[in-house]
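Taking it in order: structure first as structure tokens, then the write-up.
The first chain written gets the first letter, and so on, giving A, B, C and D; residue counts start at 1 in each chain.
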Amino acid sequence: MSAADRPDAKTRMLARAAREIAPGMVVNLGIGLPQQVVNRLASDFPVCLHTENGLTGIGPVQPHAKADRNLIDAGGAYVSTIPGSAFFDSATSFALVRSGRLDLTMLGAFEVAQNGDLANWKIPGKFSPGAGGGIELAQKAARVVVLSTHTDRAGNPKLLDRCTLPLTARACVNRIFTDLAVIDVTPQGFALVELADGTTVNEVQEATGAPLTLPQDIPTF
Amino acid sequence: MSAADRPDAKTRMLARAAREIAPGMVVNLGIGLPQQVVNRLASDFPVCLHTENGLTGIGPVQPHAKADRNLIDAGGAYVSTIPGSAFFDSATSFALVRSGRLDLTMLGAFEVAQNGDLANWKIPGKFSPGAGGGIELAQKAARVVVLSTHTDRAGNPKLLDRCTLPLTARACVNRIFTDLAVIDVTPQGFALVELADGTTVNEVQEATGAPLTLPQDIPTF
Amino acid sequence: MILPDKTTSMAEAIARIPDGATIMLGGFGVPGTAFAMIRELVRQGQKGLTIIKNDANEQGMGVDHLLANGQVRKLIVTHIGLNPRAVSMFNDGRIEVEFCAQGILAERVRAGGAGLKGILTDIAMETEIGAGKPRVVVNGETVMLETALRADVALLHADRADPFGNLTFTATARNFNPLMAMAADRVIAEAENIVPLGELPPDQVHTPGPFVDHVVPLTEISEEYQVVRR
Amino acid sequence: MILPDKTTSMAEAIARIPDGATIMLGGFGVPGTAFAMIRELVRQGQKGLTIIKNDANEQGMGVDHLLANGQVRKLIVTHIGLNPRAVSMFNDGRIEVEFCAQGILAERVRAGGAGLKGILTDIAMETEIGAGKPRVVVNGETVMLETALRADVALLHADRADPFGNLTFTATARNFNPLMAMAADRVIAEAENIVPLGELPPDQVHTPGPFVDHVVPLTEISEEYQVVRR
């Protein structure tokens, strides 16, 4: 495939993140980039998507004309049901999250620290809308992965030595997918796992606010 | 009505207790004597009966041939539904009790003290089956009335200065219906309210283990 | 035995709410929000309200009318990001806002509804939300005490109701509604459909009638309940 | 996206239970008790079990088979009065029994299922059941801490199940089943009727599938499930 035909880095990141979802998992996809992962799942893929406003078994987003005014996901999109969906109240919805039944959540991030600390809900003085269900998703999902651009709009790293913003949850992030790389949070800090095709290790390290440990082989996505 | 035609004291006690139920109430009738009160309610009387195993709107007890194996009350009787019945889980059932939605409960008793303490679940060394839902009914119903024989089988008073058996709940009983009398628990202790027809004040006082205050007029039932 | 009829007009039911009341409002976004009763509350004008709700709706909808009309003293919520008026009133100190983690708000409301005094959790302990809340040791683990929440009034939006107050909710309009139904001294449910006693199968009732004080029939479904264009 | 199939044979599901396991059992009296799975547990003979259940059934039924077979170390219950064997084994010290107030047992199980660490209540504080339990002050009121309960396994009896594990219960057979469905590491539901995916209306599901690990079809309804003559 020529460079011109290659999907852009964000598209490849979403496709790569989708492969993180194993058959049979119960998964919550956070608002924003994570929700776009759903379009990368095959229609016969066995997975149960959860939304915290009270639904397991999320079906495809509906066009306006077919939308049910009573059926939204936590981001406000008009979704649908599939065979085997269930509705429940908000207490039951988070019982599922907190009692260990959520295998995976994908979340957005303002900052991720090398110990896995996550900040994604508040920028003091600028943005303080409340965390919604984010704290419980980050703190209690069996596996927490972050989907994010590698740097903010000003080009500053979002992967840091330590977070500067108010935390969502401590030491919760397992893996980070960005437009540049796949990076794991390990006891030794950030570990590069994969590189976006066309990106160099040096570029990733320069865009990252903490040291990266490197694998022997570096696959690309 | 001649004495021979008069219903016996227990029957009159049940009929009198039934008048304690005001229209519109939510009521839990405990196992034993209290459950027999239900037969004294008119078929068009507006009341919602609750059973702690998960039903509001209890309907009539069913004969064996018509019984539903999945539909019992807390005493194990095969009951039925009425229009407007609802089933729910055990947590919701006691949420209703503890959050103040139960207007009245009628309970049996081993002992009632003049301050309203109730003992009805344990006789150390003889009988220790567990209290089931009795503690919450006694502690949290808006009004707690006891239905009981005035004395035990050996003729000893069940209404006492203070309870000798392990308590179900403290200072919870509002009124007591016995085969001899209706007695209120007041800040001044037991107060005689009504006498069973054919019984004297002296007989009631002798069968009671604490002083009775007496009203000006003493109706009979 | 028959079950009593709790049907009440909207004006009469809302008139039971005094100034300074604490009000629980069901709903997560549009679904399950009692828009019609909120409109009536705006019309009647009760002041100094504390609102317990997942969110503050969007500008021009639901809770926003109460904010615009100066009726709200405090919000207890999980997220107000979709309502710029709520954010700016909070930033300017014109309203007080208490933020909860979403599932913990649900549990605090439910605990109030279940007659509990509080719950013990490790959620948000190490965040700003948890700062200053009491710690309790359970089986050697230090966790956080969150108090139960109750309200003077809960305003619910049901799909179907019978006259005794048995309720069913539809799809994601259920959310906080059945929890708040247990947690207020006076529970008022508006319903899109009033059905005769006995028409709701007892196994399918979401909120049993004894929790509900007033059933308010909706005569029409306002624009706010419709699909929102985004 | 499709939802996975969790149908499992009874022998295979019960074989996942080790000696010494803590097992939650739904049911209040006969309705909702997983008699068939209890029979299989007796057949397989796991020992040293802790059973969390409302009651100990009656002699010759359900939990009584486990007691008779010497498989039970401890019961956590609200009432055992209908089972003389349980009472006498307790009196003789052959089993340990922990009594709870019924609604507090429900809340402790639910708290475990909701990922909470405990609840705060004033129920039974001044009784033998409350003696020795920790006190906590909430808003100036001294109340009692009851710890959350979780189990290794929950055995549920459902009316209907789909292969993903969505469950509905019928009438008073619901009781503790949906609470225990949330509170165990491995949740096994036997069901009288297995229905195809999509046949249970999403608004009417009592236990959502993600809580359930194994769905066990019942091939016949044994005598224990029938109307009991008293």
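One rule holds in what follows: contacts are C-beta pairs under 8 Å (C-beta built on N, C-alpha and C of every residue); 3 or more make two chains touch, one makes a residue touch a chain.
These numbers come from a predicted model, not from an experiment.
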Quick one: which chains contact chain B and chain C both? D
Taking each chain's centre as the mean of its CA atoms, which one is most distant from chain B? A
So, what's the distance in Å between the C-alpha centres of chain D and chain C? 32
What whole-Å value do you get for the distance between chain B and chain D if each is reduced to the mean of its CA atoms? 30
Using mean C-alpha positions as chain centres, tell me how far chain A is from chain D in Å, no decimals. 36
Could you pull out the residues of chain A that touch at least 2 other chains? 55, 87-88, 91, 94-95, 97-98, 140
Multi-chain contacts in chain C: which residues touch at least two other chains? 107, 110, 114-116, 121-122, 170-171, 174, 202-203
Touch relationships between chains, expressed as pairs: A-C, A-D, B-C, B-D, C-D
Considering the complex alone, what residue numbers of chain D touch chain C? 107, 111, 114-122, 136, 138-139, 141, 143, 145, 147-148, 168-171, 174, 202-204
Can you list the residues on chain B that touch chain D in the complex? 51-55, 64, 67-74, 76, 78, 87-91, 93-95, 97-98, 122, 128-133, 135-136, 139-140, 166-170
Write out the stretch or stretches of chain C touching chain A in their complex. 28-32, 54-55, 77-82, 87, 90-91, 97, 99, 101-107, 109-110, 121-124, 126-129, 159, 170-179, 206, 225-230
In their shared complex, at which residues does chain C touch chain B? 1-4, 110, 112-116, 162-164, 166, 182-183, 185, 196-198, 200, 202-203, 205, 208-211
Per the contact definition, I'd like the list of chain B residues that touch chain C in the complex. 23-24, 26, 41, 43-50, 55-59, 81-88, 91-92, 94-102, 140
